[in-house]
Amino acid sequence: MLDKIGIAKRISQELQDGWYVNLGIGIPTLVANYVPKDMNVEFQSENGILGMGAFPYEGEEDADYINAGKQTVTINPGGSIFDSATSFAMIRGKHIQLTVLGAMEVAENGDIANWKIPGKMVKGMGGAMDLVASSDNIIVAMMHTNKRGKSKLLKRCSLPLTGVACVKKIVTNLAVLEVTDAGFQLLERAPGVSVEDIQNATEGKLIIEGDIPEMNL
Amino acid sequence: MNKIVASAAEAINGIKDDMTIMLGGFGLCGIPENCIQALVQAEIKNLTCISNNAGVDDFGLGLLLQKRQIKKMISSYVGENDEFERQMLSGELEVDLIPQGSLASRCQAGGAGVPAFYTPAGYGTEVAEGKEVRYFDGKPHILESALTADFAIIKGWKGDRFGNIMYKGTARNFNPVMAMAGKITIAEVEEIVEPGELDPNFVHTPGIFIQRIFQGSSFEKRIEQRTVTPKS
Amino acid sequence: MLDKIGIAKRISQELQDGWYVNLGIGIPTLVANYVPKDMNVEFQSENGILGMGAFPYEGEEDADYINAGKQTVTINPGGSIFDSATSFAMIRGKHIQLTVLGAMEVAENGDIANWKIPGKMVKGMGGAMDLVASSDNIIVAMMHTNKRGKSKLLKRCSLPLTGVACVKKIVTNLAVLEVTDAGFQLLERAPGVSVEDIQNATEGKLIIEGDIPEMNL
Amino acid sequence: MNKIVASAAEAINGIKDDMTIMLGGFGLCGIPENCIQALVQAEIKNLTCISNNAGVDDFGLGLLLQKRQIKKMISSYVGENDEFERQMLSGELEVDLIPQGSLASRCQAGGAGVPAFYTPAGYGTEVAEGKEVRYFDGKPHILESALTADFAIIKGWKGDRFGNIMYKGTARNFNPVMAMAGKITIAEVEEIVEPGELDPNFVHTPGIFIQRIFQGSSFEKRIEQRTVTPKS
């Protein structure tokens, strides 16, 4: 079973040289720490950064340089700054090759819910609806089940949707799955996790074909 | 052209109860601190505020929320604010949440004279309720309308008396698009410079979009999430 | 009767302090030479200039600084440069207070034709259709009659339209006229031109109320 | 990231007969001279060219017209070109004339993932024929669709290997919007500089929009209308 860092590490294997990538808040942000050496990947932050760098050295924080998570950051050489409309032009115009974000629920048809729980305080969708509506390559990073042990991979989402039939791949603490026309295709198991464990934790239709390899981290 | 006014108080002259205002900024970054303070002091009520976020309890738009000056918020993300939550859950505050890209594009459209455009963002969600759906290349899109405001209030880094503005870093965010979308746009800057000091090639917001400009004072520029790399 | 310079001078009286103005090619361009002293007016060129200045001194021309007429120009202090989309955002977003352009024909309802003569080489509308569709304050600068002596102020345009019911005012070599719901309202006569001269040169409905003053140039 | 290619010939690799290409520039200002020469040399035919203008007889797109490499022009203004006129009147060349602002907005929409938008420009004219009309605030608008291209070719002043571009003066014009709208975008610049030399705050076209970049040579930068103020 993976922890959050393990999920981020596994997702980092999906990166390809030359890609522009938008990472959501939470587990997705950690992916930036595991970019393979010798691979050039640029991170976009939707508040207006391309080429987002590391956190600044202590004492060098600048309130005018933050990321979409409102954290102080730096800009790498070769980076650029732009306004919000241009930022979402990049996103909506499909100039970003990979979007990684968290989710509360994913349905077997690729629907995603990650912004609203009825009856609870609603914080808003931020840029999530734009990202999921436009990206051709969306990976969800999340725990396979919620805090009450219930599956987050469902037949249908019960929560208000963020986007429709858009998720391509899911990396959880238990497995890597691809969203196909037929349902969740199981690609890999987390170390020490059995196919049965994954089946038990998956409410939506799980497709198991042949031997399912263990992740290679 | 001389669009310089003396102070935030003078800059907000004409903003009245029940008006719609746009405010630049992302989180607490690039927000017009001086004008927000002036709005608090002027006790203007029932405002509809278009702003990506709603500040925190004791800074940014949170200051207007504390005084119950806001009737309605149009935003994409409104966490980090207890008073906001209380007013929203009690029904005192109307909230219209829209996707961040749609918010930016709708302001830009408003400033550019485009009354409406199609976007895939929000299709199949609550955001699409009541909106026209149309397919382009087999993919569903919804029709989104332009946003404008009686006043837009933006925060720049440097500006001149023609209203030309340069922004610094990610404090740019929504400021350039909202600058275009105000019937009257007020720019609050850290420094007013002489005309010609801003290279025309690198002006971010051309002066035509700005009606009033002033040099703000005592910018706090609060950091929400101070994250650092330890030196070693 | 006015010459082209006279028309430009008369139009310059329409300028107001603080206005942003777009001047078309031809007579409109001349208006820039007659801005009243102590009046601040900024000229926009739709290829991407605000604060367009004089022609450069000889030897200082720069191919990278031209106006919409492709002439080498300078930028005044306080000016700015922008891309074509931003330029037309200014125009379409009604941030320009006055548009002055030439015309082949104007109809009594404010229709304008200035881009195409069927059967002849068509050069294109450039930015004219955007300008006339968006501006609330359009002044046409033109000769009252064409080279064959036929009126250019018509009941209806005979040429393909550039815009519909958009012209507000017309300054010709003979007169200043306002486009009203009832037709062309005669406001001023050019020096030495009689109301009858203007009537004879105007095919569209001309409204003459009371004494028509001579222009004060 | 290293998007640098060695030459214009290498940059245009993959541009084939019958493709649609966008070319930045206004008149002869800010046009990709080197790539146009390379297209002439590569003898690529039946091109649909989206460009505000069509060059002059012996420069700019006029060079492609001379060799009959262009099947269709999508432009706003095509004067100053005798060969263009001849081909157009003889029916050899298709021409689609669209308002300059609509051209810019349609390219920007193409780059930004907006399939269509409403604009008043062209309502009641030939441009509106066959297009949906809708009223907003009582005013008629027409529906315009996005433009994209197999390749966009733009001309910048300085650029780096990430594809970041700065433009100089009015040579900016259509280049930034077309940069966004190419499936593959080629940037020809006067100077390639090291990453970090271009201040991130003043990059005009972020590198994400550029797939290939090279330093052009022998820029002629012809002036169409040399107008000067006599020194005295």
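A, B, C and D are the chain letters, set down in written order, and residue numbers restart from 1 in every chain.
As a working rule, a contact is a pair of C-beta atoms (placed from the backbone, for glycine too) under 8 Å apart; a residue touches a chain by one contact, two chains touch by 3 or more.
Remember, predicted model here, so these are calculated numbers, not experimental data.
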{"item": "Farthest chain (mean CA position) relative to subunit C", "value": "A"}
{"item": "C-D against B-C, pair bridged by the larger set of C-beta contacts", "value": "C-D"}
{"item": "Mean-CA-position distance for subunit B and subunit A (Å)", "value": "28"}
{"item": "Whole-Å gap between the CA centroids of subunit B and subunit C", "value": "36"}
{"item": "Rounded Å distance, subunit B centre to subunit D centre (Cα mean)", "value": "33"}
{"item": "Multi-chain contact residues (two or more partners), subunit B", "value": "105, 108, 112-114, 119-120, 168-169, 172, 201"}
{"item": "For subunit C, residues that touch 2 or more chains besides their own", "value": "75, 81-82, 85, 88, 91-92, 134"}
{"item": "Arrangement of touching chains [line / ring / star / complete / other]", "value": "other"}
{"item": "Chain-chain contacts as defined at top", "value": "A-B, A-D, B-C, B-D, C-D"}
{"item": "Sites on subunit C touched by subunit D in the complex", "value": "45-49, 54-73, 75, 81-85, 87-88, 91-92, 111, 116, 121-130, 133-134, 160-164"}
{"item": "Residue ranges of subunit B touching subunit A (in the complex, touch as defined)", "value": "26-30, 52, 75-79, 85, 88-89, 95, 97, 99-105, 107-108, 119-127, 157, 168-177, 204, 221-231"}
{"item": "Interface residues, subunit D side, partner subunit B - complex", "value": "105, 109, 112-120, 134, 136-137, 141, 166-169, 172, 201-202"}
{"item": "Complex interface listing, subunit C residues touching subunit B", "value": "18, 20, 40, 42, 44, 50-51, 75, 77-82, 85-86, 88-96, 134"}
{"item": "Interfacial residue positions of subunit B with respect to subunit C in the complex", "value": "1-2, 108, 110-114, 160-162, 164, 180, 194-196, 198, 200-201, 203, 206-209"}
